[in-house]
Amino acid sequence: MSCPVVSATVFAPLAGAVLITCIPAARKEAIRWVAAVATAVSLGFAIYMVFAFDLAKGGVQFVEEASWLPTFGIKYFMGADGISVMLLLLTAIVGFTGVFASWGIQNRVKEFYITFLSLTFACAGVFAAWDLFLLFVFFELAVLPKFVLISVWGSTKKEYAAMKLALYLTLGGAITMLGILILYFTAGINSLDLLELGRHNFTHAQQVWLFALFTLGFAIQVPIVPLHSWLPDAHTGAPTAGSMILAGVVMKLGAYGIIRVALSLFPEGAVAWSYLLGILAVICVVYAAFVAMGQKDLKYMIANSSISHMGYSTLGIAALTLAGLAGALFQFFAHGIMAALNFAIAGMTYDRTHTRIMAAMGGLAKVMPVLGVAFVIGALASVGLPGTASFWAEFSVFVGSFQIYPVLAIIAISGIVFTAYYMLRAVQRVYFEPLKVKEFAKLPDASWYDWVVISVIIFFIVAMGVYPSLMMNLVCSGLSPIMNDLKDIAPAASKFTWLATWGGVQ
Amino acid sequence: MELWQLAWLVLFLPLASFLIISLVTLPYRRLSGLVTIFGIGASAVLSIYLLIHVLADPHMHAYQDVWHWLTVGKVQIDFGIMVDPLAVIMMTAVTVVSTLIQIYSQAYMEDDPGYSKFFAFMALFTFSMLGIVLANNLLMIYIFWEMVGLCSYLLIGFWYFKPSAAAAAKKAFVVTRFGDFGFLLGVLLLFHYVGAFAYDDVVRVIGAGGIPSAALTVCAVLVFCGAIGKSAQFPLHVWLPDAMEGPTPVSALIHAATMVAAGVYMVARIYGLFSASDQAMMVIAYIGGITAFLAASMAMAQSRMKRIVAYSTCSHLAYMMMALGLGGFTAGVFHLILHCFFKALLFLCSGAVMYLYFHEENIWRMGGLYKYMKVTAITMILAGLSNVGLFPFAGFFSKDEILVVAKEANMGLYILGSLVALFTAFYTFRLIFTVFFGPRSEWSPVGHGHGHGDDHGHHELPDIGNVRPSQVALMEAVDPVARAESDRHLKKEPLTMTIPLSILAVFAVFAGFWGWPGLENGFSTYISWGHGHGGEHGFNMFVAVLSNVIVIIGMLAAWAIYGKRKNAADPLSEAPGYKYIYRVFERKYYFDEIYLWFIRKIIDAGAAVLAWFEENVFTGVFANGIGSLFMEIGRSFRLFQNGWVQRYALILFLGVLVLVAILVLNEPGLAVAIGGVMK
Amino acid sequence: MVSLPCYFGISTLLFTIGLFGALTKRNAIVVLMCIELMLNAVNMNLVAFSRFMDPGALLGHLFVIFTIAVAAAEVAVGLAIVIVLNRHRDTVNLDDFTWLKG
Amino acid sequence: MGAGLLLPEIILCIAGLLVLSERLVIKVTPQRKDAAWFGAGAVVIALLAAFNLLGTNVTAFYGSYRVDDMAVFFKIVALAAAGLTLLFAPDYLSKSGVKTGDFTALVLFGATGMMLLPSALDFITLYISLELISVSFYVLIAIQRNAVKPAEAGLKYLLLSGLSSAILLYGMSLIYGLTGSTYLAAIREAFSAGQWPILAGIGCLMMLAGLGLKIYLIPFHMWAPDVYEGAPSPTVAFLASGSSAAALAAVLRVFGESFAGLNGLWAPILLVLAIITVAFGNIVALPQTNVKRMLAYSSIAHAGYILIAVVAGGRSGTAAVMYYTLLYAFSVVAAFGVISAFEEISGGERASFAGLARRAPFLAFTMMIALASLAGVPPLAGFMGKFAVFAAAVQSGYKVIAAIALLLSVISIYYYFQVIKVMYVDEPPESDPISYGFGTFAALLLGLGGIIGLGVLTGPLLQLANTAAIFARF
Amino acid sequence: MDAKTGINIAFAVMSVMIIGGGLGVVFFRNIFYAAASMVVCFLGVSGIYFSLRADFLAVMQVLIYVGAVAIVIAFAIMLTRRSRMVDTNRFTGNLTQVALGLLVAGMLGGVLIQLGINNPWKISGEALPPDLTRYLGEAMMSRLAIPFEIAAVLLLVALVGAVMVALEEVHKS
């Protein structure tokens, strides 16, 4: 391979951050533009990869390998399969729009963009790493920037939220690290190369326990109820761009880890735990939906809805069918950009009204029609309306899980009603109805950088909604090895005996 | 290029105009309007062209054209169209009505700042509706199902700054979403058995007995849930009346002519599925019957023009459902098509009345308007006659067929149907008499909304648009003295309104003859199910005469009560004995109250409880609790570090002593044991 | 001659006494003295052992020489510090030196 | 050839003597920093000499002294600690009225002791070098005449380590009495049978207690918080990074090798103590409001991690210990370098860090990186060290131990990040920027380089440790 | 009275001196007496050395401890003296500390003594080198050269350090 595309995608933001350190803090415009360019470069590379990826060939492409810690057989091993490509694109999109979403920040701009860019860098790295150790390094590397981002530029309860996030995620990291160590010595092939580990076959018991360990570690990041307590506070406390990347990318890291590490290395373990995982997923969906319904704070509502949406992903994973997994992964992308949009709009609204209490707003669509439209689109996307990417994700998850866990699937699908209920209620309270507060009548509508954010994200939401194959094919090619492992051990589709017994022939 | 591929064009022209408006011509009002009219008009022309071809060969078999959309492993999702007489006829109806309504809206929306937006949405809606009509597989119909739901949400909430509108939009979306929940489950269940979404495959598998009958029933009923939601059938009918918060053209197009009919159309489209399960057919029929009765009865006690028409729509849809459920495929579809025209007309007329009469909606503030708006009045009366199904107006033919089917299939439902016919006649002419004849009501601001449970905020007007400031002033100041003054401000009926009204009126009057019994190449030639069964039901003089008699009775009753009323209120509302029933009708059997109670007391309360749980248990106990626990342990240990060096030394030597003790008391055994445990 | 256990016993006894003093006396200087006692006890041990265990190499003797040196050094520095503290706080009582704690 | 083996130590001693005699020729004031630069230079030369010694694995002086890669590795650690300390010390000293020369000389002598200790193969050498370290630190801690807290800390350290060396000596005497030799090799032979009288066990445990004080082993750790808080920051930096490393080398030699026979006794006990140490250090650090004191507890916790590796033993365990000590040295020196750069006399209250990011971005950044490294954020040095340590633990089967320690290490995030938060979020008391000398800057830059560089490009270092680990057995 | 009993008596006397001296250090109320009894104890120790044929050590003991350390301590007492010397050597007020201290020290000592007495010591019958002092000197120069050097440095550090710590700046700024 000629040009290290993957590394370029991953390291472009870091390069930007380094560059920014050299710029005097006073020159805010320059700093912002450097950040924008850096993320744009990364985005460009990501898009290039989407099209350069050879679906026919499949597997891991754009590989870069170098020895790193020979003592442990650890390598600097970057590459991208279909899944990575999609998620790198997601990260790039969120990073790019995040830069513009925080264009309005005036306080300590330099430090902000350094932090934000390094966070983007870390997240992207996770998706590109094919050495488990490297993956973990990126995974944990993301914690510190998150902490700083929230605690410095955040809003209400920011310090508490930041600390909680740091503690929870580090806890997950610790569990994962333990898993890695045990895995390393259990496999005993002196390598943490995911591909080689994939070839090594573990005993059933090993698979069961290692899967449990890794999934537990990653579940905190997803998050799966009851390990989710960090998320609402963190997402709410974070600055706009922070919330965007937290909801858009960081949540995906955990689920990605579950698929990339736990599932693809220990398929038998996955089968053993899948039902429990499914139940937890459904709890996530319904519980979080109801909690979201009970929120008065807009951002809290969106945060909880994110948990609920990631529940669909988890359900798809638990189903262990191609449709389910593909749906789960597509949900990463769909929910990623959709949540980014929602948080972006929530942030923009907050920057203008300085309140997040839905009851305190109302009628804003009259003052800020553009934001209103964007918010409605975001809400509809999270409702999973056809024409938005989320529809395909959720539908695919439903198809995949319905035949395995009919009951769970039905409960989960009922979520679409609740989501519609609280999302549209939020739209009604915040943007519709007559203008409640007269002071808001003068609020400015979207500025040009808000336009960038909104239009870019909406473009991808709709594009992926209309032409899902682009991503779906990538995902499927990425999933094919996993499906091969699962072929003969996956749980058979349930036969709906509960129907057949009810006076039918089967 | 195959002829039928024009259907693609028909489908995408409206979408094109939507895109053009939303991306280009948003700032230019007139232009946007024209774009929509021409986009939809073009597809109307095309579909008429196709219709002609269909009429040419009665026995064409369905043409399908499929584009592979998405493949996930074994799940194959196609974007395909299916062109057959049913589709084409429906398509034509939709496009034609839609076109006319666009023209009408030119005038109706003239002052609205959201003019362009309105037409964009209308175009998008037409596209989605055509998608439903043309879809050739379950998933696609589901997708467009949601899309029309979206459009209806956007258009009901078009005046989002009206709390009532915003609420109604949300209500419509969420309630229909309930139906869609079932629909989606049905689709998934069917997919589980069939392994594909296309109608053909479904029907094929059913034919091959691939689905156990119980499962089949479940599938059918689940899919029908979608229809219940969209077509506002009991028990999900509650959203339709509120939906009248949208602009009247919207009500005419979406909530009378097309979208609400989609449920019926879908049942007809997948008739193979439903007809395969008798239980399912039964469910459909009874749901239809019940809804028809409920809606009609409620319509008799409403006081807001559009709501009366809305309930009428509801009950007519239910009529169709009943017909389909009873196997009257042709009758149902025929009624669907005709209803399209006369109900749209009815709505447009009431819209025209409101448009001309200060956007007032309360019929008790009208009366004697005939002389101000002749065209409107006449067309509305025609529509009404068609609506009640009096011979020879269009409504008669389809309604008659339905009653025939009912009489053959299920006596109970037949009686119910006749009763509904009576109600229909009554409320329709109650409306017409009250509005156009009798004395002008003594309407003054004082009279606002007395005793009317359902007119919450309906007299607070949009603070901008579609009412001229001068009119607003009038609205507030109007009283008997000022009325003469105000009458001079009554607008003249613009051509953009009268023309569509007249055209529709023509349909409303004559379209029925296509279903003339025994007509060569009559409707049933193109639209029929199976051989004989459910197709032509012959003509039953008894039924025909009886229904006409019933209708006339109803009309007379209406005349007797409302023809020459004095006061500006419904006499029945105070009629001794009847007034309680009246109250029940007026309050819509308290459905809204019950549902509201459920949402407030069950859903929202549950949400509040869980939110509390989240905050106090997960965050409070788990997160913070554990944290502070460690913190406290740390604090307590600090006490050892009291700064006194000899205490430190003591602890040091205590440590030594303990180590020695471990060793002395029991040989290394203990230590080794510890080591073992830790492994 | 006297057996090893006696030496051992004496030295250990001295060690114990020194330890007790070091733990319980208030005056810093006395505590230093007690530490000296303990070191002396150890020295006795070493000498006794070297005498009985390896009269050949007598490493114990040698060891003791160093311990004595170290002890002297420690006491020198220790007393210096005590004096400084006394200069600052006008006390040599250990239980007064509890500014640093927690 | 003996001289050749001792070259680095000799260089340091001579340098120390020269520095001491400096005041004979010129008038020295606390403001003069040249002595420190001179000392740092000497350290660099010694470092070169030490590197030159890599690969020479010989035992000299009748088997009482050994120079092997392991010893050299620890010598390098000591030199690194001393060098960095000497770089940033003068700024602080000039503030606190201590003559740089005195400080430098003592650091050099202390470093000499730290370099001798890992090479010591008999009790006498071991004890005397240990005492050299201790005595240097008595003085280094109390050297700040104009304040009380340093003196108090010094007295505490002196008394406690005096007592501990008494107990150490007693243990040694017992072992000597039972084996008739002070040479580690001979002792190993004596115990190799695995049969040993109970008195030997007591001697072993007493030595553990004696050395335990230097390696922050609970319950012999109690001096640490007070000394950290009371002593001048440069001293603490040197103490935290150097002395425990040297003591660990001794522990590896004595317990890993000569007491291998008593393995069944001390290993489990040490394991339990290590876990308690980790838990105690992390938990008690939570409520601390003084950063220096907090770092003391964190040192305790880190000592716990290292001891796990010590118990895990074997080649990987030893390698992990060495690797960890070096990486840890950089982190902790950097942290105390930052503290000393702006603390007033024995301060270090967390509140005084408020808004540091605005008053001195470089200091704040260095502190953040140092703390993150201590907290084990990858790919910084601290994380790599932790990885090696726990890898060793898991490899020798201590899964549960590793799990507990890892979970406990999560707590540490709280108190480290708390400081980061204060530096970056809170409002500074006064907004005037903090000025610091070139020495501090250089030291912090080197520290950063060590933390990040050794973290990211750690492969060779880890391999060096791995090869050196073989020579733990002599 | 033969040599054996003589030795025994001598040993007994020395033991008394040692233990008595030690107890004196701990229990005298007056710190001067404590110091004095420490000297007594040291002398006893040197006596023990004599009895163990460690003449050289015995002399060193007298010189260094009695000669140097005791004097230094005396000076320290002088420097830190207060008005009256009585009650300068008290136990700490904290009784639990005293009790625990007693307990710890007692148990530790008890265990050690008990074990030491029962322990089967392997007495070696080797003969002492003929000229002991010479032997020690050579050993210092040869096998213990390094400790010897270190000790030199150590003492230097201690002395210089003591000065650094304690020296009163004449010209206070």
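To keep things simple, chains are lettered A, B, C, D and E as they appear, and every chain counts its residues starting from 1.
What we mean here is this: contacts are C-beta pairs under 8 Å (C-beta built on N, C-alpha and C of every residue); 3 or more make two chains touch, one makes a residue touch a chain.
As the structure is a computational prediction, the values presented were derived from the model and not from experiment.
Of all chains in the assembly, those touching subunit A and also subunit D are B.
Path length between subunit B and subunit D in the touching-chain graph (shortest route): 1. Summarising the inter-chain layout, the chain whose CA centre lies farthest from the centre of subunit D is B. Nearest to the overall CA centre, using the mean of each chain's CA atoms, is chain A.
Comparing mean CA positions across the assembly, the chain most remote from subunit C is B. For chain pairs C-D and A-B, the one joined by more C-beta pairs in contact is A-B. Spacing of subunit C relative to subunit E, judged by their CA centroids, is 6 angstrom. Between subunit B and subunit E the centroid-to-centroid distance comes to 102 Å (mean Cα coordinates, whole Å).
We define each chain's centre as the mean of its Cα atoms; on that basis subunit A and subunit C are separated by 65 Å.
Distance between subunit D and subunit E, defined via averaged C-alpha coordinates, is recorded as 31 Å. Residues of subunit B in contact with two or more other chains: 627, 638, 641, 643, 645-647, 649-650, 653-654, 656, 660, 664.
Contact of a single residue of subunit D with at least two other chains is seen at positions 124, 128, 131, 135, 138-139, 142, 145, 151, 154-156, 159, 163, 177, 180, 198, 202, 225-226, 399, 411, 414. Shown for subunit A are the residues in touch with two or more other chains, namely 167. Under the touch rule stated earlier, the contacting chain pairs are A-B, A-D, B-C, B-D, B-E, C-D, C-E, D-E.
The residues of subunit B lying in touch with subunit C in their complex are 638, 641-646, 649-650, 653. Residues 122-124, 127-128, 131, 134-135, 138-139, 142, 145, 148-149, 151-156, 158-159, 162-163, 165-166, 169-170, 172-174, 176-177, 180-182, 225-227, 229-230, 288, 290, 293 of subunit D are the ones that touch subunit C when the two sit in their complex. For subunit B in complex with subunit D, the touching residues are 627, 630-631, 633-635, 637-638, 640-641, 643, 645, 647-649, 651-656, 659-660, 662-664, 667-668, 671-675, 677-679. Those residues of subunit A lying in contact with subunit D across their complex are 67-72, 111, 133, 136-137, 140-141, 143-144, 147-148, 151-152, 158-159, 162-163, 166-167, 170-171, 174-175, 177-178, 181-182, 184-185.
Listed in rising order, the residues of subunit A touching subunit B in the complex are 164, 167-168, 226, 228-230, 232-233, 287, 290-295, 304, 321-323, 326-327, 363, 365-366, 380, 385-387, 391-392, 395-396, 398-399, 402-403, 409-410, 413-414, 416-418, 420-422, 424-425, 427-428, 431-435, 468-469, 472-473, 476, 483, 493, 496, 499-500, 502-506.
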